[in-house]
Structure formats: structure tokens, C-alpha cells
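Both complexes shown next keep chain A, but they swap its partner, so chain B is in the first and chain C is in the second.
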Partner chain A sequence: MKKSNGLYKKNTSFALKIILPAFLVITIFMYYPIFNSITMAFQKIYFGKGEFDWIGLKNFINIFKDPYFFRSFSWTLIFGLISTVLLLIVGMYFALLLNREIPFKNFFRGILLIPWAIPWFVNAFLWLWLLDVQYGLINHILVILKILKEPINWIGGSDTAKIAVIMAYIYRVFPFNTLVYLASFQTIDKQLYEAAEIDGAGKLKQFFYVTLPQIKNIVIFTALLNFIWSFQEFETVWIITKGGPVGATSTLLVRLYDLGFQNRDFGAAAANGLLWVIFLFLFSIIYLRVLFFRGDIDN
Partner chain B sequence: MRSFRARKKISYYAANILLIASIIFIMIPIYWMVVTSIKTNAEVFKFPPSIIPLEPVLDSYRDLFVPENRYFLFFRNSLIVSVSTTILTVILAILAGYGLSRFRFKAKPKLLIMFLVTQMFPFSLILLTLYLFYSKLHILNTHFSLIFTLTAVSLAFSIWMLKNYFDTIPKELEEAAYIDGSSRIGSLTRIILPIVGPGVIATGIFVFITSWNNFLFAYTLTTSAEVRTLPPGLTLSYMNFMKVTWNGLMAASFVSALPSVIIFIVLQKWFIQGLAAGSVKG
Partner chain C sequence: MKKLFLCVIVVIFVVSLSFLGIGCKEEAAGTEEAAGEQVEEVGEQVEEAGEAEESEEEVVEKVEVTVFGWLTSYAKPFADEFKRLVEEKYPNIELVFQEAAYEETGTQYLLMAESGDVPDVAYCELIMANELASVDALEDLSEWISADIIADLPGSVYDACLYDGTLVSIMWDISPYALFTSSSLATKAGYDGPPRTIDEFEEMVYAIAGLETDEQGNKIWGFNIAGKDNEVHIPFLLSPFIYNFGGNFFDQETGEAVINSQEVIDVMTLFKKMYDDGVFGPVPVDREGNRNLFAEGDLGMIGEGPWQRGIWRQISGQDEAFDEEWWVDTYPTLDGSPGKSLLWSSNAAIMKGAKHPEEAAKVIEMWVSDPDVVLTYNTMHGGIPAVKSIQDDSQIQDDPYVSVFVDEINAGGNLPFAPYATKITPLSSAFSKAFLDILLNDAPIKETLDNLNEQMDDIVAE
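Right, the complex of A and B next:
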């Protein structure tokens, strides 16, 4: 073991050399834009002319006068929380159904992955069509089943639009959770179940007292990934509701996009974005804690 | 004892019925996409909707080939961008992942954190600067700028997946090769890469699908039809009118979904292996 440490320590400069290309790409295309938006947040930028004025804190002051900011801030968090919980439930439901001795197991698993493999914009188009007021399948089925008296305009009402966006998003993402949970089940020692069975524990008890504690870390980690990825959601919202009605489903990215590319006010967009970065920075401390805990980051 | 067994059997079949019913339920939207794509214009706007198409036609698929629709132009652009991004990202991620897995040095934890945190950057915020930056350099609306942007988007997660994968491979294996006189790069390409095959394929699939799917960057950084990929191309050409041609859009959607679905089905086994080893850690 000592010998190998020596061998690997000597090659620090080699290690840095092969990391450098990735480091440069991430610095130029991720860090430079974030730091550049700090200066943009204090400017009024005249779009397309390449000119700007320094306007001090005005962009930040405007945020607090803007009712849309709080609306989109709270909706982004609620969307993240609700979808993370639902993904855990739906993902686990299918993982448990598939984690048994059944014929055509691989076939079922393959089919279940299709919603994840279809492109996200395709999924959004599909749900837009399913949710159509007059000809949509969802209204049709709900009316036949007498759950609804008459077809509803899903995208027109703020609560129904939120439900619509969450449904479309969950549909696309849950297979990822199922896959990860299925893989994590393989790491559990079979003897634990045998012991539990001898003690007379039923399937439900086995799940809560054996399975869940054993894969606790993976469940937490996956939930964290789901939550973080929900912040990056754009096309589901943009294609289905465009953030409407009246900003009800406007998430962080949609709001920034509207400010920057619809209103053409890059300064205001940068200021809004920076408040988010501060919030996400605090949140990332939790994220990194979990990674340290998992041992992904070490020496 | 007998009743216990019988009960077990009943619950086994009940769970199977539940599974099949749930999978059918999950497949309804996909079925609806295919069924809509083979309906005639009149039948799409019929109430109540027909669950099985009355007179299935392939008109919507034929329309994809009409040059004015530019469907295959968008498709080709998507292929160019996604394949180039995948190759570039996988090469960069193999190098960085290997470096971060195999060597100890002071800055390593800081570098890993620096990479991982980019996952949380709001992409719309990054877009503002990139948009101005590219237009200053006159590379806005090119595949080149889109490829580099998308590489940066999926690079951090790819590095992290591959680093975890490299971690699972015993060092002794390549040490033997190293002592036998192969160079560092030599031992990486000849000894390690064949073993991490599933991890590399899983990463490649992840990058390809992420790039094929990307809407936000492709929508904003491309301004002419010649450069546009499928997501912005279809959004702008099929949804620009008051009335959406649903059968046309569903046919275009179905064909757009084929590459990633096929890749998935063919490489499923490797993907699951790679995901299991790379991202599932106890």
C-alpha cells in the first residue's frame, strides 16, 4: 500500500494536466457567466447596442416591488418539494413491484423507462395535447368517469395549471428514481430478509424495517438530486403554460428568461438571478454535506 | 402452512396484476401520441375522440419530408450537435474523472466541489452572459457555440459519474501495467478503458440524451432555421399558429423520440450497470 501511495503522489502534475481541459470549459462557460452577472446586476443594459449605464442598486430595489418575484420564488420551491415527494412515492412504487421474481422482468423494466427516454420537449407537447380543453384525452376520461361534470381548461386556471405542470414533470422523471432504487435494492444483504421473515415480519414491515434503513442514504441523495434538478426545469413549463396564467407556474428559469429575453432587461434578470444564487449557495452546503457523508468527496 | 402458502400465492398474483395495470396506465400517453399521429385532420378534431383511429393514415409522417417543414434539417442539426457534444464531453470527463479518482493532491476536494456546484447554477442566468459573449465574438447562432455550451452543462455530472466508476477499479491492476513500462496514458487507454466500458457508455447515453433534449440553450442561442435543432425548431414551426396541427406535431414528436428511445433500449443493460456502479453508493 505504501508503494502505491508513492507512485500516485509523484504524478500530481500529470493529474492536473489531464483535469485542465475540463476545468477550463467549466470556468469559461459556467463560472465566468456567474461572475459577469454580478456586474450586469448593477447596470441598465441597452440590448443589441452593446451599451450600458451604471444604475447602482436600482435593479435590486425593483425586485422587491415586483409581485412576480415572490410568486415565482415560492412556486419554484413548492414545485421542487411536491415533485420530489411524488417522485419518491411513484418511483418506489414501481421499483417495489419490479423487484420480485416475475417473468419478463427486463421487458417490463424496459417499457417503464420509455417516459424517461422520450425527449423532454416531446413530453411537454404530448401533455399539452392530453390536456387540451376540447379534444384532450384527460378531460374526456375524467368526464366519462364522472369525476368532472364538464371539461376544464387546465392551463387557464392557476391551480389546475400547477397540477398539469407537476403531472407532466413527474411522468418524465419517475423512471430515473425507479432505476436508482432498483439498483440500490441489489446492495442489500438477502439474509436480512430471511431473518426478518423468521421473526414473522410481513412484507410491509420488511420494507420499513429492512429495506428503507438499508438504502436510506441513496433515497436521501436521490431526493436531493430531484430537488436540484427541479430548479433547472424549463421546457415543461415553457411549452405547456409559458409560466402562466399570470405567472402562476413561472419557475426560476422561466422568470429569468422572461425578464432577460422577453422584456430584454438583462440587468434586472441578472439581479433576480443573483438572489437565487445566494439562496442556492446556502442550499448547496446541505448538498455537499450529503456528498461528504456518502464519501464521494474525499482526499 | 397451506393457507400461508396460498396467501403468498394470491399476493404474488395480485402484485402482478397491479404491475400490469400500472404499466398500461403509464403507457396511455405514449399510445395517445402514436394514435394521434396516424389520424386524419378531421378525426383529430372529432368529439368524442376515437380511442382507436377509424381510418389510420400516414399523411403526417409523409409531411415530415416536405422541404418547407424542414423537419429533417432540424433532425440533422440535432444529430450533429448531440453527437459532437457527447464525444467532447466523454473525452474531457474520462480525463478529469481519472485524474480525480487516481491521484491525491491538495486541491482535489476543492476541485470536485467546484465542479459539482455548477449543477445548481440557474442556467437562465448563465445564458445572459453567454448570449452577449457569443454575439460579441460573432459565434451566436452556430453549432460550435451550442456544442461547447452543452458540453459545459453535462460535464460536471459526467466527471462525477466516471470518477465514482474509476474508484471501483482496483489500482493494482494498472500499477502492474505501469511497472511493466507502459506510460500513464498507455495504462489509461489499454487497461482501464476496457474495464470502465459500461461506465463510459452510461455517461455517453446521459450526455447524448441531455443534449438531444436541451431546449433552453438551443432555443435562445440559435436564431435561424439552418442552425436550429429539433426542440426549438418544432416549437417554432408547429406552435407558431393559433391552431396547432396535433397529428403533425405528434408525428414529428414520435420520430424525434426515436433516437434516444432506441439507444436506450439497445444499451439498457450497460446503462443500468453503469448507473448502479457510478451513482449508487451505499
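Right, the complex of A and C next:
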């Protein structure tokens, strides 16, 4: 007994020594900034002077007085919901397409990854140019095909700017969904399809009654990931519209950046960030609890 | 056991080091003996050479003076020449440029001020300088810069560089905006010169847009100003029109917002009408996009600073030949006199805590008043010197391009929101949103400007 205690102590001390450097790094670069940003949410910060005043809940009260906060909040939710649904549809469509026996299948699978692989800000600039009212390719094609009479100023209207941002975001993220769905298809037992075929199920029925139930967990988790990612989206919106016009495409993160790095009101930005994290945390818990409760997630 | 082993290793290490030392000493002693006579013979010469070397070392010992800012991002050849001229005049100075993106520079300076890790010379614009001065991060330049150079600044320039009565920065280039007109489009539309009155301006905007499309089928616009939400461009580029209609952003005496005045309502009404008629636009567009439109021959008129000549030579791919494609003049006014403009400037400052403030002051002095440096910048980028002695130089006086901007300085104007340095971004953002709301969302002009007025007062009072 005594011997094993010694071994335990020795192992514990060794483990602590190993963990310590990582713990220090995480503390300095993660825990401290998190703690600091929480305290900043209750401060008025005089940036450049290194001074601050404690102002209690004033930053939070100001948020709820700010009309742009509600606009950003509702647009963030709408953006998250629409993009999550579209990512599911587009991602699944391409996954099904690339799961079939088509010529150059591997080549197309490789090509598919390009939007995901290129830097995100490059993707945003690409769309900014594609959507340009004067020289943009999209307008050009739509006019040639006579779908449009004259070019649309995509980022000049509230609704068109929203569509533009969603298109650019979907283009960048859908390869991830496709790849994940494609991988999950390979785990489905082929015999299930054979059985369904014998029972007279067509391709559509096979998809809804065999494929989808089999990859249900994957779909749920990618949807959750997509929704959370949409909350973190910044580059696409900032580069294409800067949150405009008149705040129409400003997500919570853009609003946060605007407050912090444009207006240099870091207290207000931290309060915004804190609310945002709390919302996301609550949403994730409720979402997962509901799914577990309903038994949609098996394990 | 382990301790014993460690001790043995340490002993071996120390002993081997000692032997190595002895070996070196023996070798050195041998060499010394052999060279003994020679050393004695050349003793005096060595001493003299030694002294010379020491004095040379003193001269060569360089001080690294850092210049932070976005200068190298748009004026690298000038920066190289500036460095050469400074190092030639002051051999003990090594000028090092630290490049920053313009958009990030203001925040970077504030971070630097907070951390204490500051550059020697801060390249900034007036807004940034005032913002830094508001957090007490800048040196009083009257303590560092020669009184002669300060006296050489025109009164208005000197006043603009003061913050609470202290000279916190110094202008090395004044860049007022002026109105550029596409000569080829205007000629096609039947005009032989730029507009002088607001009525002529409006007429020309409609006439140029009336050309409809270019050879590739792209739409031709009459006039446009760049800017999206959260950017300073919209209020800045609209300010000459507000000034020349007789309006302003804030009352000069009371400091209260006057953006809902009848004059500003008139400006907004004009722009809304032009936007609705499809002759003003495309809105919103970023600055590079707007410049490209002009360079491609799809935009009739645009407001820009003196640097624009160089930019168009570059982006048009036509170099100096592109100078024939445009006219430049002061902004139009109601009565045709030279219009007020947006007075932009490039400043230099010394931040508190700079490692080499004395050398930094020498660099700034050259930047502001050395004819070679100032005229080189003028040649390359069209910037107007800040000091009177060089403003009188024939290169400045005789260049018709530069003289337009000199006229523009004389016509007056200001930077919008200039008195409220730390509030410039929220003020600009509120203004841009109101302007775009009127244009794009048909927000009622009077009501929107009333709300903006209230917002601006609130922002300033915060």
C-alpha cells in the first residue's frame, strides 16, 4: 500500500510537471484574456491612457438602448438559420453527387475543396469582385442570360446585400459539409440499400428512409457547427459590405468589431461579446438537451 | 550515485576548459614574442591608427531612428530617397521605416501609447495626432523643433497643429481635396472645362451620365463619392459640398451640431435627386473601386487629393499620358468662386517615451523643411509643402496642377469633426449611415438629419 502511494505521488508529480507548461500557456493566452474581457464589460476604458472606471451594468444597459444591436442580433439569427439550412441542402446535394460513380470523381472531390482551402479573406474579395455592379461577372452573366435587364447593385440594397453575404458564406463553407456527409455515407451498410431496393424503394425513398436516418447524428452536429460558425462569421461580411448598407448586414461580431476597433469603446465591445457568448452557450445547451431528450442523438 | 556522476562531469568540464585557456594563453604568448619587435617598431603608427579608428567608430556608431506609419505602403521610392537624404546629412542616424496599414495605424498608436513601446517618429494625420494628444501621448514639439522652422509655418497651419495650445504635431504636407473631371467624358458631353458653379456641376453630372454607356457597354456615371458604413469617407468627401452650400457639421462658436440646417438639407436633396435619377453612384463603393471607375472612363467627376495624379498614372497603365484624361479645379460654389475643401494633412509627431527624441526631431525637421525632401515628395506625390519658404519655390508656384491645390488651401475648409478627435469614428459612422439611409432606403431627409443632429450632440457629450 505504501509502495503504491509513493508510485501515485511520483506519477502525479511527473504528470503535473508535464501539464504545467501547457497549463501556463493556456492560462496566459486563454483564461486571462477571457477573464479580462469579462471584467472589461463592466468598465469604461480610456484606451491609450491605460485607465478605466468601474461602471457596473452601464455597458449592458447601453447595448439594449442601441437600435443597431437588435438589428445585428436579429440579422445574426436569420443569417445563422438560413445559412445552416442552405449548407445542409447544398452540402448534401454535392455529397450525393460525388458519391455516385461519375468520371473523374476524385478530381471533382479535390476541386470541391478549393473554396474551403483558400484563405477566407481571399474568398470574400473574390465575391466582392464577382458582385461588382459595374464589372462583376455575376451581373454580366445574368444580363447576358436576360435574367436581369440591367446590373444589380448587390451591396447597395439591404436585401440584395444580405443575399450577397449569404452566397459568399455558403460558397466558402459548403465543401466542409459535403466532405463530412461524403465520409459518413461510406459508413452506411450497403445491404440496407439492397434491402430497400428489394422492397421497391426508389432513390428518393432510399435517401429519406436509409441514408438520412443513418447519418442523422452527423447532420445534427454539422448543423450545430454551422450555426455556431455563422455566429463567428466576420471576414465575409466586413470585406463585402462592412456591415452595411445602413447596418443591414451587420452581425453581432461585426458590431463588436465596430464598437471595439472603430469606436474604440472596448468596454461596450466586451459587453457585447459577453452577451454573445452567453447566448451561444445557452443555445447550444438547449439545442443538445432537446435533441437528447427527443432521442435524436443516439450516444 | 547520480550526484557523484554529475560532479564528475562538472569537474571534467571545468578542467578541460582550464586546459583550453592555458593552451590559448601559451599560443598567444608565442605570437606576442614573435611579433614583439615589429610591434615596437610600428608602435607610434599603431597608436595613431588606433586613435583614428576610435574617432571613426564614434562617427559610425549609428542611432536607429524608427518612423512608424503607412508611408512606405504608398510612397516607397520617396521613403527610400528620404532615408538617403537624412542619412547623408546625419551619418549617425539610421532611418528605419516600420510599415503599418493606414486603417490600423490610429489603433496601433494608442496601443503603443498604452504599452510604452513607441516609435521615434510617428507619421500620422491630424486626427490621429489630436487623438494621441488627448491621451497625453505626444511631446510638445516646440521643445524639440527649431524655432525658425516653426516660424516658417503659415499661421493657419500652425494653429491646426495645436492641441489645447500645445504644438503636438507638425504638418509636412498639406493635401486639400479638389474636383477631378474626366476631360474625355466632359468633352463628349459638350463641355470644355470643369464646372465652376453648383448649377454647372449638376448640369455636367447629368450630361456626362447621359452618355449612358462606354464602348464595352458599362454604365457611365456622372459623379460619385466613395464610402461604406463605418468609414470616414462619406462625411469627408461630402464636406466640400456642405461647406460650399454654406453649411457645416458643428457650429464654430457653440460647438453644437448643425447638420440639420437648411444648407445641409439642400445638399442632401441634390444628392438624393441625382441618386434617384441614376447619375450619382454607384453607392456604396469603396475608394479603390471609385478610382477604378474614373480610370476606366466610367465616372465623370470625383473628389480626390493631390496624390491622385500619381495613383492614376499607375492604375491606368498609361503613366503621364493619363494626365490628358482629366481636369482638376477647386470645388464649385454657388457663386463660382473657388470652393472650400476638405483639408487633409500628413503630420509627424514624437510620442512620449521615444528612445531618440533628439534625432527624431532632426528627421522631422528635414521632413518639414528640407527643400530636397519636400520637393521630392511634391514631384512624386504632388503634396503641398507646409512651410512658407518652400511654398514660394518655383517648382510649387509654376506647376498648374499644384497651384490648384494651393488655391484650394487659400479657399479654406476644414476636416469634418476635427475638434472632436476621439469621436471621429462614431461621428463619421452615424453620418454615413444617415446619408446612405436617405439615398438607399428613402429615409425622409429632414427627419433623418434631425436624428443625426441629436446623435452627434450625444456622441460629443459622452
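The rule is simple: the second predicted complex is superposed on the first by the 258 of 299 C-alpha atoms of A that agree within 3 Å, B and C clash if a C-alpha of one lies under 4 Å from a C-alpha of the other, contacts with A are read in each partner's own complex, and residues count from 1 in each chain.
Keep this in mind: a residue touches a chain if its C-beta (ideal position, glycine included) is under 8 Å from a C-beta of that chain, and two chains touch if they have at least 3 such contacts.
On a predicted model such as this, the values are computed, not experimentally measured, just so you know.
In the superposition on chain A, A:Ala196 contacts neither chain B nor chain C.
In the overlay built on the shared chain, the residue A:Ile155 is in contact with chain C alone; chain B does not reach it.
When the two complexes are overlaid on their common chain A, residue A:Gly50 makes contact with chain B and with chain C alike. By the touch criterion defined above, A:Val165 lies against neither chain B nor chain C after alignment on the C-alpha atoms of chain A. In the superposition on chain A, A:Leu87 makes contact with neither chain B nor chain C. Applying the stated contact rule after C-alpha superposition, one finds that A:Val237 touches neither chain B nor chain C.
After overlaying the two complexes on the shared chain, residue contacts for A:Tyr135 are found with chain B and with chain C alike.
Touched residues of chain A, counted separately for chain B and chain C, are more numerous for B. When the two structures are aligned on the shared chain, A:Val173 is found in touch with neither chain B nor chain C. In the overlay built on the shared chain, the residue A:Leu112 is in contact with chain B alone; chain C does not reach it.
Chain A uses residues 50, 132, 134-135, 261 to touch chain B in one structure and chain C in the other. Residues 11-12, 15-16, 18-19, 22-23, 26-30, 32-33, 36, 44-49, 92-93, 95-96, 98-100, 102-105, 108-109, 111-130, 132-133, 136, 148-149, 151-152, 155-156, 159-160, 163-164, 171-172, 175, 178, 184, 209, 212-213, 215-216, 220, 230-231, 234-235, 239, 244, 246, 249-250, 253-254, 256-257, 260-261, 263-265, 268, 272, 275-276, 279-282 of chain B are the ones touching chain A in the complex.
By the touch criterion given at the top, residues 4-5, 7-9, 11-12, 14-16, 18-19, 21-23, 25-26, 28-34, 36-37, 40, 50, 93-94, 97-98, 100, 102, 106, 108-122, 125-130, 132, 134-135, 137, 140, 171, 179-180, 182-184, 186-187, 203, 217-218, 228, 231-232, 234-235, 238-239, 252-254, 256-257, 260-261, 266, 269-270, 273-274, 276-277, 280, 283-284, 287-288, 291, 294-299 of chain A touch chain B in their complex. The touching residues of chain A, when paired with chain C in their complex, are 46-50, 132-135, 150-151, 153, 155-158, 241-247, 250, 258, 261-264. Of all the residues in chain C, the ones that touch chain A in their complex are 107, 109-111, 113-114, 131-132, 134-137, 218-219, 228-231, 281-285, 289, 293, 296, 298, 422, 425-426, 429, 433, 436-437, 440-441.
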